[in-house]
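Before we start, here is the structure in question, set down as structure tokens.
Which chain is which? They are A, B and C, in the order written, and residues in each are numbered from 1.
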Amino acid sequence: MGWTRKDLLTMQELEPAEMGLILDTAASMKEIAGREIKKVPTLRGRTVVNLFYEASTRTRTSFEIAGKWLSADVVNWSAAGSSAAKGETLLDTAKNIEAMSPDVVVVRHGAAGAAQLLARALKCAVVNAGDGAHEHPTQALLDLLTIREKKGHLEGLSVAIVGDIAHSRVARSDIHGMKKLGMTVTVAGPPTLIPPFVQELGVKVSHRLEEAIADVDVIMMLRLQQERMTGGLIPSLREYARYWGLSRATLAGARQDVLIMHPGPVNRGIELAPEVADGPYSVILDQVANGVAVRMAVLYLLVGGRTQL
Amino acid sequence: MGWTRKDLLTMQELEPAEMGLILDTAASMKEIAGREIKKVPTLRGRTVVNLFYEASTRTRTSFEIAGKWLSADVVNWSAAGSSAAKGETLLDTAKNIEAMSPDVVVVRHGAAGAAQLLARALKCAVVNAGDGAHEHPTQALLDLLTIREKKGHLEGLSVAIVGDIAHSRVARSDIHGMKKLGMTVTVAGPPTLIPPFVQELGVKVSHRLEEAIADVDVIMMLRLQQERMTGGLIPSLREYARYWGLSRATLAGARQDVLIMHPGPVNRGIELAPEVADGPYSVILDQVANGVAVRMAVLYLLVGGRTQL
Amino acid sequence: MGWTRKDLLTMQELEPAEMGLILDTAASMKEIAGREIKKVPTLRGRTVVNLFYEASTRTRTSFEIAGKWLSADVVNWSAAGSSAAKGETLLDTAKNIEAMSPDVVVVRHGAAGAAQLLARALKCAVVNAGDGAHEHPTQALLDLLTIREKKGHLEGLSVAIVGDIAHSRVARSDIHGMKKLGMTVTVAGPPTLIPPFVQELGVKVSHRLEEAIADVDVIMMLRLQQERMTGGLIPSLREYARYWGLSRATLAGARQDVLIMHPGPVNRGIELAPEVADGPYSVILDQVANGVAVRMAVLYLLVGGRTQL
């Protein structure tokens, strides 16, 4: 099959075959990162604009490297010091960027739906690099690529997603992707951080870490955002770390071949004990490496490969 | 004719033939933006430094894209966090940049005359990307390109420039360019925002919006800078918008083929009603697109085309 | 000989032959900066990440231009707004960057030893672009290149380094490099800014400027950091400038062929009188130009030339 969408906005809307196409493309892109000369001319003469309203050097850099290895021109448009700071609306900023003829706009924004808004307004491709607590599809895709690499397949696998489910676009995108690909998902965290009606997404809910991770193939630990630490949603950091942090002791009840994942950056000693973050089950750095490959695949499919591979 | 100047500093000093050369070059550069592969090797191995003392993602990006499409290496040197913040003088910073052998330095600075100062001190080409309330020549050139595209010619056309004339480098550059090319210019705005002696530039002055726009080919609405809103120069935003904002009602008295322009970013609901900014007369996004073409032309002429085309 | 190290961390650990190799390579790189087309394909497909925890547009730009002229992909990772600001450790940030497969990480950090820490943890090459008050080896190398260019050789020359020796990584790197290459070094400055035991580095100490500079080939004036000006280490700026600033009058006692150097940015009127900074003995801008050449050489040797030239 070929890629037909103009944009990549959510995991919720993707078909399993589309996810498979991105993952297969990413797997072949990953081979480029292993070369001494990491450069292919695929997107030469194409322009990618990183439009980031929230600071995220990590994700921005991943897209920037992905674009550059494909020979695209990459331009970083940060909201700080930009016309956004001068009161311009998101849509006006985006229309202005579009007038400069980019091929892809990668957008990170604090408001859910921001990427969708741009996608409707712009003729060029739009990639959602995180919109509020809504979705972050390339993160879910890099998670899936990492699991597939390590386990050889996805269907039938079970995943526990642990932490602040309520405010996590990573959790939301992961859940949509995993459910569609036939995986079983359990979400776990303190009641204040589990959204109501989350079961409607087809996931199980657990309120005990040991129970949630007891028999799963993958444990996905979420980052505890600093604002949650001070916002009254958890009694104290120490208590959160004790009940919801993954330590070597907690891990004793997990499978011997479990994968431990985290979208980064890690709060060491809070959601992950250092010996677990750096331990043998951790595939956190594989996730980062796969991030570049997934973003290369997405840029390639949106710009160059819209008809067929 | 060929291009002979080392720098592009002001519209005031350009001859009509030089403006024509830039506009013709820009028109042919614009064709590149329409291609699927937006890349020509013209400035390969040349280095452009964007030296911005005022934040302006929009203008900086326009120069950056222009440079990259021409295959130049583009380096952004922002004053924040730079040696400027450590007390270095503008001239010392510029001499340091020059020592790194750039071909062009594009400078945006809060002080009128900053670009001229650098041009005298540096052997490389200098482009004024806005110096205080003095000039912003590439903005005037993109305005002229847009008008010429839409109207087919420039000579004999009439323009109303509306708003904060006193503090606008855009107005100043536009007036110089338009007068030299045989256009008629009327400036309009509240008396506190019209500089004394402005008639000496050869423009008419109007203190009523409806009168100013009644019979012109082009209406150029200026951005009301936020500091003007709070600085006591206008009684209130509401009153400014009422008397000097362009709405569909005000437009009733204008020509049927009038062009509405704005240098951006637009304060929606203040100088432009949303339905006017997005309406059929608006060529605001054409201006943005032409900005890249004009900057490509300027970089090309300064670096590559100084002898002849 | 060929280059064998994975990293460039300190002048202290380099052998004289290694310094010679870098300087010779830089001298041939410098020829590229003199060309109209400043671009060689040497590092095409290689990725350089500038990881700067301290703002330094000057040094960052020098590395960026060096990388781009060699056709490398250069990515700027600034700590502000990055995951560092979200509480991630330096090592976690670095491991994340490594997962994106860069060939070189250039690091500037406020803590002595930061570059060494990264070098041990990362498989890719690490360049120390300044770590606390420890070392800044590419600055010392560009100083050496400049002196060698002007004097024809290094061995046997005498240098006075003047100012805040105690807090200067530039002084430390220069001293190590110069001593190893057979040069004589005198450090001079107010007692509060001379570190105890500095003689153990094999330098002479002087507490009078006129005495220190009386009979040397090179005077290296250090920048007085602003925090030193307010931190009680000097009685007043005026007094510092009077006793430790280089003026035309002070220079009367120096050799006729003396070189005056400064790592920049200069505090005019403090450590250097304007007429001296811009005078005939000053080679400050040569230092800047040589900075790009040295960094090209270092990137080349670390990535491309590790086996032999």
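By our rule, contacts are C-beta pairs under 8 Å (C-beta built on N, C-alpha and C of every residue); 3 or more make two chains touch, one makes a residue touch a chain.
The structure presented is a predicted model; accordingly, all values stated were derived computationally and were not measured.
K.L.:
Please tell me whether the contact surfaces of chain A and chain B are same or different in residue numbering, using the over-half criterion.
P.N.:
Both copies touch with mostly different residues.
K.L.:
To test your reading of the model: what rotation angle superimposes chain B on chain C by C-alpha positions, in degrees to the nearest 5?
P.N.:
A turn of 120 degrees brings the C-alpha atoms of chain B onto chain C.
K.L.:
Averaging over Cα atoms per chain, report the distance between chain A and chain B in Å.
P.N.:
40
K.L.:
Of all residues in chain A, which are in touch with two or more distinct other chains?
P.N.:
78, 80, in rising order.
K.L.:
Within the complex, which stretch of chain C touches chain B?
P.N.:
33-39, 55-58, 61-62, 64-65, 68-69, 78, 80, 226, 264-268, 285-286, 288-289, 291-292
K.L.:
With touch defined as at the start, can you tell me which chain A residues reach chain B in the complex?
P.N.:
44-47, 49, 73, 75, 77-78, 80-83, 85-89, 92-93, 95-101
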